[in-house]
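One chain, subunit A, links the two complexes that follow: it is found with subunit B in the first and with subunit C in the second.
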Partner chain A sequence: MPWLKDEAMPAFLAALQSQGRLWVPVEEEWGSCLAVWEEKSLRLTPGPTLLAAKGLFLPQTEKLFHYRVEAEGAVISESEPPAAAARQIVFGLRPCDVAAVAVMDKVFLDGGYVDCAYRARREASALVALACREAAPTCFCRAFGLDPLAAPGADVLLLPLEGGYLVRAQTAKGEELLAQAQGVLAQEPALDWPAPPAFLLEVTAAGVPAKLAAMFDHPLWDNLYQKCLGCGICTYLCPTCYCFDVQSADRGTEGYRYRCWDSCMFPEYTLMAGGHNPRPTKKERVRNRFLHKLCYLPERFGVFGCVGCGRCLLKCPVNLDIAAVLKKVQEVGTHV
Partner chain B sequence: MSNPYVPVIARIERIIEETPDVKTFHLVTAAGKPFAPRPGQLAMLSLLPVGEGMFSVSGQGEAHLEFAIKKVGQLTTALHEAEVGQAVGIRGPYGNGFPVEELQGKDLVFIGGGIGLAPLRSLINYCLAHRPDYGELLIIYGARTPADLVFKEELFRHWPQAPGTAVHVTVDAGDAGWQGPVGLVPALLEQLNPRPQGKVAITCGPPVMIKFVLQALERMGYRDDQVITTLERRMKCGLGKCGRCNLGSKYVCLDGPVFTLGQLKALPAEY
Partner chain C sequence: MPENEVTLRMRRRAKELLAGGEVQQVIGWEKGTFWYQSPPVFIRQPEEADRLVWDDFCLANPAIYLLDDRYGQERVGLFVKGCDARAVVRLIQDRQLVRERVYLLGIPCPGLKDPEAARTTGRESAQLPPARRCQHCLYPNPVLYDELLAQTVAPRPPLAPRAAVKALEAKGVEERFRYWREHFRRCLRCFACRNVCPACNCTACLFDLARPTWLAKEVDPANNWFYGLVRALHVAGRCIECGECERVCPVGLPLMALNEKLAKDLEELFGFKGAGLDLEGLPPLSFWQPDDPDHFA
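Up next, the complex of A and B:
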């Protein structure tokens, strides 16, 4: 198997960048994210970047079409389906974030209708995953059956070992990527397969979907939501939260319709024009969010809406995170 | 592939003032009818730049679609200010619609309140257009006042004269000219007491009416699979992507808006 020496990483990244726009984990003052690679910008720390990769496939705001207003109303002035999206390579995705992309794929590609803008971006993207030899304190991917040393949905997997990385192409797209990087790859030295990392958090999702399916009216929800501030940070950081709003930007006689990330934590999300709201308080909204992740998505698509990335553990201002909810659900009795 | 979020531009061909706050709009495109929905299906209508919203298709002709729309928010207010000839974006059809094949051979009891008659009307007129396929039609409808009754021409002329069709209209509060019954829809339903044998009840209206209608139907012996309703949710995409119209693991825009009471009872009570 090909071997990438630590010191050859810049040359490897350059070889990737020659094949498309290369996104790598970087460190900003406020936290880590993916940014276009520049010399020496790569920063690898345990766990995923604070901001997930979802914005590369579902941008935070995205134009849907342009219109022009004429005497008798609007006409669509530009509605071409998105041209082939620019080729991009996403480097350093952790196994949890690769699994999260697979959840988004279910929603946007398998859900009955195909979302053409999402599909164009996904098809133009290659995922280069980085296995985890060390877990961050907030990591709990194993709760959802993920292997921190594997990333089945990635095109290329890098496994960090002493002095370098084992490099494995997992798809035809991955083989193509590596073909252009042959010059910087050596042959595998004799190395033992590493042990999985140790996790601080003891979390499991075993039995949770079935239990939750019967807990819609459980008193757990009467208390759980009370500390929620409704800030929505959990949904913006969550790598599988995909909900969006559609709005228009009016510029006088022309404008465009766009979509932007939305949050089920906001009351307007389900508020109807006549004033009725099927999820009127934070109780219903918090309940829906966790049931969606742990019960509804497994029912509809056969996948959890949580990959144990730990972002909501890190940033929820009141610690109403999904690991805490999983524990609570497992503790409570089902008798009401 | 085509971008599913882009509407086709239609024109308002005709506007009918149903009530002080309900208008019916007939929409046509340059190619004629925008599409041919099944009864109970939905369409996204948009006025740019005001906004876009999901509406039940209340009827269709050879070359147009009809939407009965109540003025309740920004978009519907702008629609009420629109004039004949104005452009309206339309995309669809969305949702499952009524199970017209499964309803064949059954007597149908329609129970509507206010603007809730809009989706029922599409099915009533479909049944009348395919008259031999369906049994007796019983239409029970109510609104706040006589002025708030929608589709008056059909309620008082066309439907009562249609074969095998009975129409009962009530109002919460009458006025000087009102000769008909005064009272709530669930009470009129219980008074008429249609026996459940061979029947399916289809109801749509304000949540409080539906609640008491469902209780009445249960008392009258209707099974959960003999009761059908159609739900309303805020929707942004109509494609099962934007997230907000979920009811448990179902999306009202894809799996609904039409559900049997049995289906609804298996889902979280969040409407």
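Up next, the complex of A and C:
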């Protein structure tokens, strides 16, 4: 298997960048995110970046089409589909992040309707994953059966070992990427396969979807939501939360329609014409968020809507901890 | 589990108040997932009162939860630090709450610690820097209470008062423009700063309105900026400078610099000492006097 020496990383990244726009984890004063690679900008810390990669496939705001009203009627001009030309390579995704992209794929590609804008971006993207030798304190991917040393679904997997990385192409796209980087790769030295990292949070999701299916009216929800601020931090940091809204920007006789991220934590999310709101309080909204991730998505697509990345746990201002919710669901009796 | 004297008193008083039927619920803090987290907790049964704690990380302001039941009848026992008590005063002044609905258990606050420093350095509590907002706190003792759970503390002289504002004021207009543009560019529009804010107590927020749409849902620098600046101006004179907006911001926007700038202006223009210091003193932008400064004339 090809071997990437630590000191060859910049040359490897340069080889990737020659094949498309290269996004890598960087550290800003306020937190970490993915940014277009520049010399020495790569920063690797345990766990995923604070801001997830989902915006690269589902931008927070995206124009859909422009319209103009003329004497003969309305003229619609569709926005350029996110061009196949915008080839992008996303480097340093952790196994949880790769699993999260697979959840998004289920929704936007396999759910019965193919979202053409999402598909164009996904097809133009290559995922270069980085296995986790160390977990952040907020990590709990194993609860959902993920292997921190593997990232099925990534085009290339890098496994950090002493002095470098084992590099494995996992798809045809990955092989193509690596073909351009042959010059900087060496041959694998004899190294032992590492042990998985230790995790601080002990949590499993065993039995949770089936149990939750009968817990819609459970008194658990009566207390759980109380401290929730009703903000959108958890949903906007979540790498699998995919909800969006479609809105118009009207400017007289012309304007455009766009879609943008939306959050089920906001009252306006379920507000209907006429003023009825089927999720009128934080209780219904919090319940829906957990049911969606831990029950509805497993029922519909066979995947959890949580990958244990720990972003919400890291940033929720009131510590409404989904790992603790998993435990609570497992502990409580189901009689109501 | 920290079991300092204040914690033990909190638990005992919560049990007494709940068991005696004087309150139906108490709101305080409990330990969270990590040792540097003390999120809000809601207690209805006396036997649950042992979950309550008082430690260096009780940053959350429990007063904002009174808004979730602002039209209710229940009486709530509320643990309040200096800043939390100012929030209660503001809610009463804004007619969001009647005084009789809360029983205030005041905690003179020695200043709290920065949980982010705890997370990133792993140092023990005593070695941690103070929480940012506590560095400037002039009112650590609750300004309104029914009982105090500890001796009052002497306010510490604030470290570098209004330093952030003064540093920004020293920059030129162009530079300030770039500074705020770069910060607001990354705003996620999660509304955590608004939702945690005791001054943001409107029953319907203009930023949520779909018709008319004041704030477009597009997340771009212009709309982010509009949101951030309008919110800051809206809470001018009502902001108690508790720093919760800045604490909760997931992308670290320096929101208190805006709030402190407005507080500084209000002090210079109206001699205003701060919001929520007593039930009588109204925010200067809530009423009008013939001799108000009128620079626009």
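One rule holds in what follows: the second predicted complex is superposed on the first by the 325 of 336 C-alpha atoms of A that agree within 3 Å, B and C clash if a C-alpha of one lies under 4 Å from a C-alpha of the other, contacts with A are read in each partner's own complex, and residues count from 1 in each chain.
Please note the rule applied: a contact is a pair of C-beta atoms (placed from the backbone, for glycine too) under 8 Å apart; a residue touches a chain by one contact, two chains touch by 3 or more.
Model, not experiment: these values are computed from the prediction.
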Problem set entry | subunit A as common anchor, with subunit B and subunit C clashing or fitting | fit
For this session: Please work out whether A:180 is in contact with subunit B alone, subunit C alone, both, or neither, and reply first, second, both or neither.
Result: neither
For this session: Using the superposition on chain A described above, determine whether A:245 touches subunit B (first), subunit C (second), both, or neither.
Result: both
Problem set entry | Touching partner for A:271 - first (subunit B), second (subunit C), both, neither | both
For this session: Determine, under the contact definition given at the top, whether A:334 touches first (subunit B), second (subunit C), both, or neither.
Result: neither
For this session: Would you sort A:117 into first (subunit B), second (subunit C), both or neither based on which partner it touches?
Result: first
Problem set entry | Superposition-derived comparison: subunit B or subunit C, residues of subunit A touched | B
For this session: Report for A:41: first if it touches subunit B alone, second if subunit C alone, otherwise both or neither.
Result: neither
Exercise. Does the superposition put A:282 against subunit B (first), subunit C (second), both, or neither?
Worked result: second
Problem set entry | Included angle at subunit A between vectors to subunit C and subunit B, based on C-alpha centres and rounded to the nearest 10 degrees | 90
For this session: Would you give the minimum C-alpha distance from subunit B to subunit C, in Å, for the three-chain superposition?
Result: 6
Exercise. Both subunit B and subunit C contact which residues of subunit A?
Worked result: 245, 247, 249, 262, 271
Exercise. Which part of subunit A faces subunit B closely enough to touch in the complex?
Worked result: 64-65, 67, 69-70, 72-76, 79-82, 107-108, 111-117, 216, 242-250, 255, 257, 259, 262, 264, 269-276, 278-279, 284, 288, 291-292, 295-297, 299-300
Seminar exercise, completed: Seen from subunit B, its contact residues with subunit A in the complex are 1-7, 9, 11, 47-53, 70, 72-76, 85-89, 207, 232-234, 236-237, 239-244, 246, 248-249, 254, 268-271
Exercise. Where on subunit A does subunit C make contact in their complex?
Worked result: 29-31, 50-51, 60-61, 137, 201, 223, 226-227, 229-233, 235-237, 245, 247, 249, 258, 260-263, 266-268, 271, 282, 313, 315, 317-321, 323-324
Seminar exercise, completed: The answer for subunit C against subunit A in the complex is residues 32-34, 37, 39-42, 60, 64-65, 68, 119, 186, 188-192, 194-196, 208, 210, 213, 216-220, 244, 247-248, 250-253
